[in-house]
Amino acid sequence: MRVDGREQLQLRPIHIDSNYLMHPEGSVLISVGNTKVICTASIEDRVPHFMRGEGKGWITAEYSMLPRATETRNIRESSKGKVSGRTMEIQRLIGRALRAIVDLEVLGEKTVWIDCDVIQADGGTRTASITGAFVAMALALNSYAAKKSFSKFPITDYLAATSVGILQNNETVLDLNYAEDSKAQVDMNVVMTGNGEFVELQGTGEEATFSYDQLQGLLHAAQEGIVELFEQQKAALGEEITKKIDSRRKK
Amino acid sequence: MRVDGREQLQLRPIHIDSNYLMHPEGSVLISVGNTKVICTASIEDRVPHFMRGEGKGWITAEYSMLPRATETRNIRESSKGKVSGRTMEIQRLIGRALRAIVDLEVLGEKTVWIDCDVIQADGGTRTASITGAFVAMALALNSYAAKKSFSKFPITDYLAATSVGILQNNETVLDLNYAEDSKAQVDMNVVMTGNGEFVELQGTGEEATFSYDQLQGLLHAAQEGIVELFEQQKAALGEEITKKIDSRRKK
Amino acid sequence: MRVDGREQLQLRPIHIDSNYLMHPEGSVLISVGNTKVICTASIEDRVPHFMRGEGKGWITAEYSMLPRATETRNIRESSKGKVSGRTMEIQRLIGRALRAIVDLEVLGEKTVWIDCDVIQADGGTRTASITGAFVAMALALNSYAAKKSFSKFPITDYLAATSVGILQNNETVLDLNYAEDSKAQVDMNVVMTGNGEFVELQGTGEEATFSYDQLQGLLHAAQEGIVELFEQQKAALGEEITKKIDSRRKK
Amino acid sequence: MRVDGREQLQLRPIHIDSNYLMHPEGSVLISVGNTKVICTASIEDRVPHFMRGEGKGWITAEYSMLPRATETRNIRESSKGKVSGRTMEIQRLIGRALRAIVDLEVLGEKTVWIDCDVIQADGGTRTASITGAFVAMALALNSYAAKKSFSKFPITDYLAATSVGILQNNETVLDLNYAEDSKAQVDMNVVMTGNGEFVELQGTGEEATFSYDQLQGLLHAAQEGIVELFEQQKAALGEEITKKIDSRRKK
Amino acid sequence: MRVDGREQLQLRPIHIDSNYLMHPEGSVLISVGNTKVICTASIEDRVPHFMRGEGKGWITAEYSMLPRATETRNIRESSKGKVSGRTMEIQRLIGRALRAIVDLEVLGEKTVWIDCDVIQADGGTRTASITGAFVAMALALNSYAAKKSFSKFPITDYLAATSVGILQNNETVLDLNYAEDSKAQVDMNVVMTGNGEFVELQGTGEEATFSYDQLQGLLHAAQEGIVELFEQQKAALGEEITKKIDSRRKK
Amino acid sequence: MRVDGREQLQLRPIHIDSNYLMHPEGSVLISVGNTKVICTASIEDRVPHFMRGEGKGWITAEYSMLPRATETRNIRESSKGKVSGRTMEIQRLIGRALRAIVDLEVLGEKTVWIDCDVIQADGGTRTASITGAFVAMALALNSYAAKKSFSKFPITDYLAATSVGILQNNETVLDLNYAEDSKAQVDMNVVMTGNGEFVELQGTGEEATFSYDQLQGLLHAAQEGIVELFEQQKAALGEEITKKIDSRRKK
């Protein structure tokens, strides 16, 4: 039994509150246990300089935490005047992951800006951000499509992420909260698509290592959890958008 | 009648959701119409370098907007690597205003960090921040006092803020929303205490000027609105804290 | 009697040295008692990006202090690599105030750059900057008009500023020097036009508050002082420019 | 057959030139094909602020490229005034990987600074950096031990890294050069220890995904290559240091 | 005859206005023709970190131009957030030059901060800064000595600087104004002491070169000019300080 | 006899390894004793903004040291977020020196980017950089000419640099190593062309001064050394390029 009473392969309760804000084209407030992230998607009718004229779209992400999202107050990155390495790593990951399930040619010369702002942190903020950002982006592209239609819906599959890890007692667990994460030997973030393929796999021994067999256990746990996340995403998106995505999925 | 159907001297609906977050010593989500701000108060057991050894406390504030708090996406200040003049002006204002109703000697060598993060903006974000930050600070000092008691409660009066202005049609109005604010001739922010005194008055003609008589009308409107805000703050704080503040107020 | 022997509502001696520098289109060295500021106005034949194509001009200001303008040496903002909140607040105020008395449509797509560099500080540097910058700008626009005429003179009224405050002994005084300002309970900066209207009003209790009646006393004191400043500005500008401004004033 | 004539699971030629520079405690010039990196290790007798008093050491890494390490000139990060997200990601990876095979308690309150400067880039610069940095660090700790002995040798196992990937033709290959890497569907960096365990696994689909079976193929390829790298590291370190490391390895 | 009517080896008119400002320990306004620089010297009772405990003093300089010191407005370095290479070069030169004629051991663990702010530029701003800064520093050390006496006067000789150059017509001239400087083939700044020795020599061909014989002509011209500058400095310092410096000069 | 056994006017051993890197148009690894610098030259088909449309080329240089080029590790300028004054001074010197021997009109609207990266430092890094950068630039312009011919070869003469100084024992020496340089009274960097003219002369007393006669000795020493450097450059460039340069030299 885990510190919060969960089973080894049990996710925390998930809530996805769609269209949480009035201004963005798409937005959600996602809660994964006590971790809460506001994810928004904004669509801009141009691409970065290095991509102009290629006829393809771009997806980029920014990630931040409120100063008191955490136990002790963090100094704002705007006050420090620079973005930390951790933040950069996370925002690069979010953007890269989402690009794997968007048909950038159908999107055309547009940029989707994803903003993930953690208002309360209890472990797994980067995976919650990906899971929530997927929904915000689908909402935004659907509402954009209502005004200026795409040749097809530009999202080609579902996308969700979770963390798995090996605790100090050598147990493999799914969806670590902060208390577990800060003491785990091995921590792995897994991003998968609806068809069961990997988009991103980042496994790290924290002053520790892991064997080939342990890796297989971690991958299995992640797959269990991500399947549940897809159900939550579908419920948050509603039938119309779900159908549009399903129509584009590889069989 | 105003663009959203309000009377000239009518506030928008106010909601103050106390203890909104799990980690901060005090926090609220304040809504003033569609403007929504998360205000947190954090207590640190030391003061900035320039105040050490004086036996007095300090209150400082930071203010930020999520990129999509607004109609079009704003570039994050952390990405730009510097804080804008507008942001600095607002955070200096919030800190200064709160210091006027805290007994810094009773507080002792502690810093209260106020963070105001606008998640949705529709005009009046700086005054909503002050009104909400007051509640978050009172909650934080009350919970801190439960652990390490103060000689007296360090808050000496209520504090709230609102905006007033003169529209293009020369009408004086209370609590401008964004549509009104962006076209107003004169914009004034007023911060007052529970005993009816001014803490801060910032009136600005926007490529326009205002007469002595117009000024009197603006001050009157502000007083009307702020009295209502105090009632909302008291409800959000509850009877115990309200009593503690009342015990310190000047008659 | 005040620390320097002045009456409550007496300004310090004012000197405005016109065309102080050889390169700028307009420049003054203004002294308000021991406070000395070099104000220059530069005219650029284009407007910032966000205003292009609107046919209107823009006025923007920068403010700085020499490191030894003050009692103890200040670190240069160029060495720190960023501009302080106080500086930003002041330069935004100067620009906003001047825009209130310029007909930006007559100006056309030009930017007036105002630079206020304090070479010696003894209180009231921001109000001295506004009073001096007005003269520098009028000189610059007059000399520019000599080359490329405007349809009318673009300045529509006089503009000057002063500070008023409430000292620790509860006396309301005009034009505080540094010794007074650093101990005042209330500090208010007032910017007015030649026709007696307000452009900007910024009143602040320094860990203190002020009543409605005290506010009226402060406003009265400011009006007394500003009338005298207009006389000094007219003398510094000379008859030709004074006439041009008078021809545009509202009766 | 690959673009440079190699077999699918064949590494490029490796050279490790030990003690390449006169000043650092440990240094190498490592070549992996045309990729060339100068790796140095510097030992400082203190740890970062957040670790003081714990009796443990720290390892931190910095990574950079010369402007013409690449086909077209890159702007220096010192000129841009900030370090890119890619650089931060790589230097965090190098430090984290090395910490997995150092006994930080035996090291004591010291910091090992690793600097990896790419002088010529042809793919695989981050994995070449890890492989080379391991040797530089072992040389540095050995020479430091000669002056102030450790209770045991602080390195507990070998550590090397390589990249594997899936090309556009669906072939799984080992040690991608730049031409291959820039077109690969999937790119994975693998860091392993001498006992065959994983330290870090970072697999990324580039606008693509990969299946569970493909993952197994990638892991197999990486293991093949890393075993060869250990032989090169042992040759570069010499018998004395090799023995010291062997004495600390888990059986 | 030169553009402004001077002889080849004739300086522009020099004025040194001592104790120009009220706050600094020493200050001057120096004019060399139309070039005007405010030089101040501030004494701080400690040295930079890297010099603590050596019992020696330090002298450091900062240099800046007002935005409209020049024909067209320059962007402030504080707005750009960084100091230009030209500025750094000049401030390093000023500090280094002054250190050559101060007995840093007699000075003791104090820092002399020199600030040179150009309010009007017409060529030769760096050499005018050195010549003026010498006077400001001597005034500051003399007034400091009045409070806390030194074992001897810490200044060991006079120090002044001028520029020499070769114009497009191959004439060697002394003290170039901006019109001359911007077209000169060769530009040389020379800093000398009262006993006729060199402290600093910086000769630069501007897309041109100069022969050994031309160099001798330049050195001769500089010596002519600097002798006159010493007379101006002595007049500005007055008899008392002049005697103190004379008592320390090498015969 | 000097600390490393050299005669007073003896250079350290020089090696210039041409075309050291695969990507740049021109590159060398130059060693002057233990000082080692990688110099590259990159040609870009446009000029900086301020030079567009003049039909002339531009040459600009950047200089950096690896963190462990020196005895103790230096913090990277990219980590500090700004370039030091020393670095700026050196890179401005390198660019200016090279521009003196390039016919910028023949070059046309192109920029030559010079990068000098010191991998090991033992004194004289700026003069080694100039000597090496000349060779890298000549290689680059020759290889560029092979593709798009110039009307003439754009290099008009040889260019090399060395340092000279006066040691504590009053001896004048050529090509100071770090041990000598750090204790020298006078340090002078001299840049000369193949026809024996000066391009740049920077002599500095380090808390010391130098006489006219000492200056003549320093200039003589520099001339001796630079003649030898030209021989090394010619050998590194080969006969073809040497001929092209010779054809453009002034007799």
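Per-chain numbering from 1; labels A, B, C, D, E and F assigned in written order.
Going forward, a contact is a pair of C-beta atoms (placed from the backbone, for glycine too) under 8 Å apart; a residue touches a chain by one contact, two chains touch by 3 or more.
Predicted, not measured: the structure shown is a model, and the values here were computed from it.
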Partner chains that chain B and chain C have in common: none
At the interface of chain D with chain F, does the proportion of residue numbers present on both copies reach over half, so same, or stay under half, so different? same
Comparing centres built from CA atoms, which chain ends up most distant from chain C? D
Cα centre of chain C to Cα centre of chain F, whole Å, reads 52
Where the centres are mean C-alpha positions, what is the separation of chain A from chain B, in Å? 34
In chain B, what residues contact two or more other chains? 81-82
Since the chains close into one ring, what order do they take if you set off from chain D toward chain F? D, F, E, C, B, A
Where on chain E is chain C touching in the complex? 21-24, 27, 34, 38, 40, 42, 44, 62, 64, 66-71, 73, 76-83, 87, 113, 115, 117, 119-122
List the residues on chain B that touch chain C in their complex, please. 82, 84-86, 88-89, 91-92, 96, 99-100, 104, 188, 193, 195-212, 215, 219
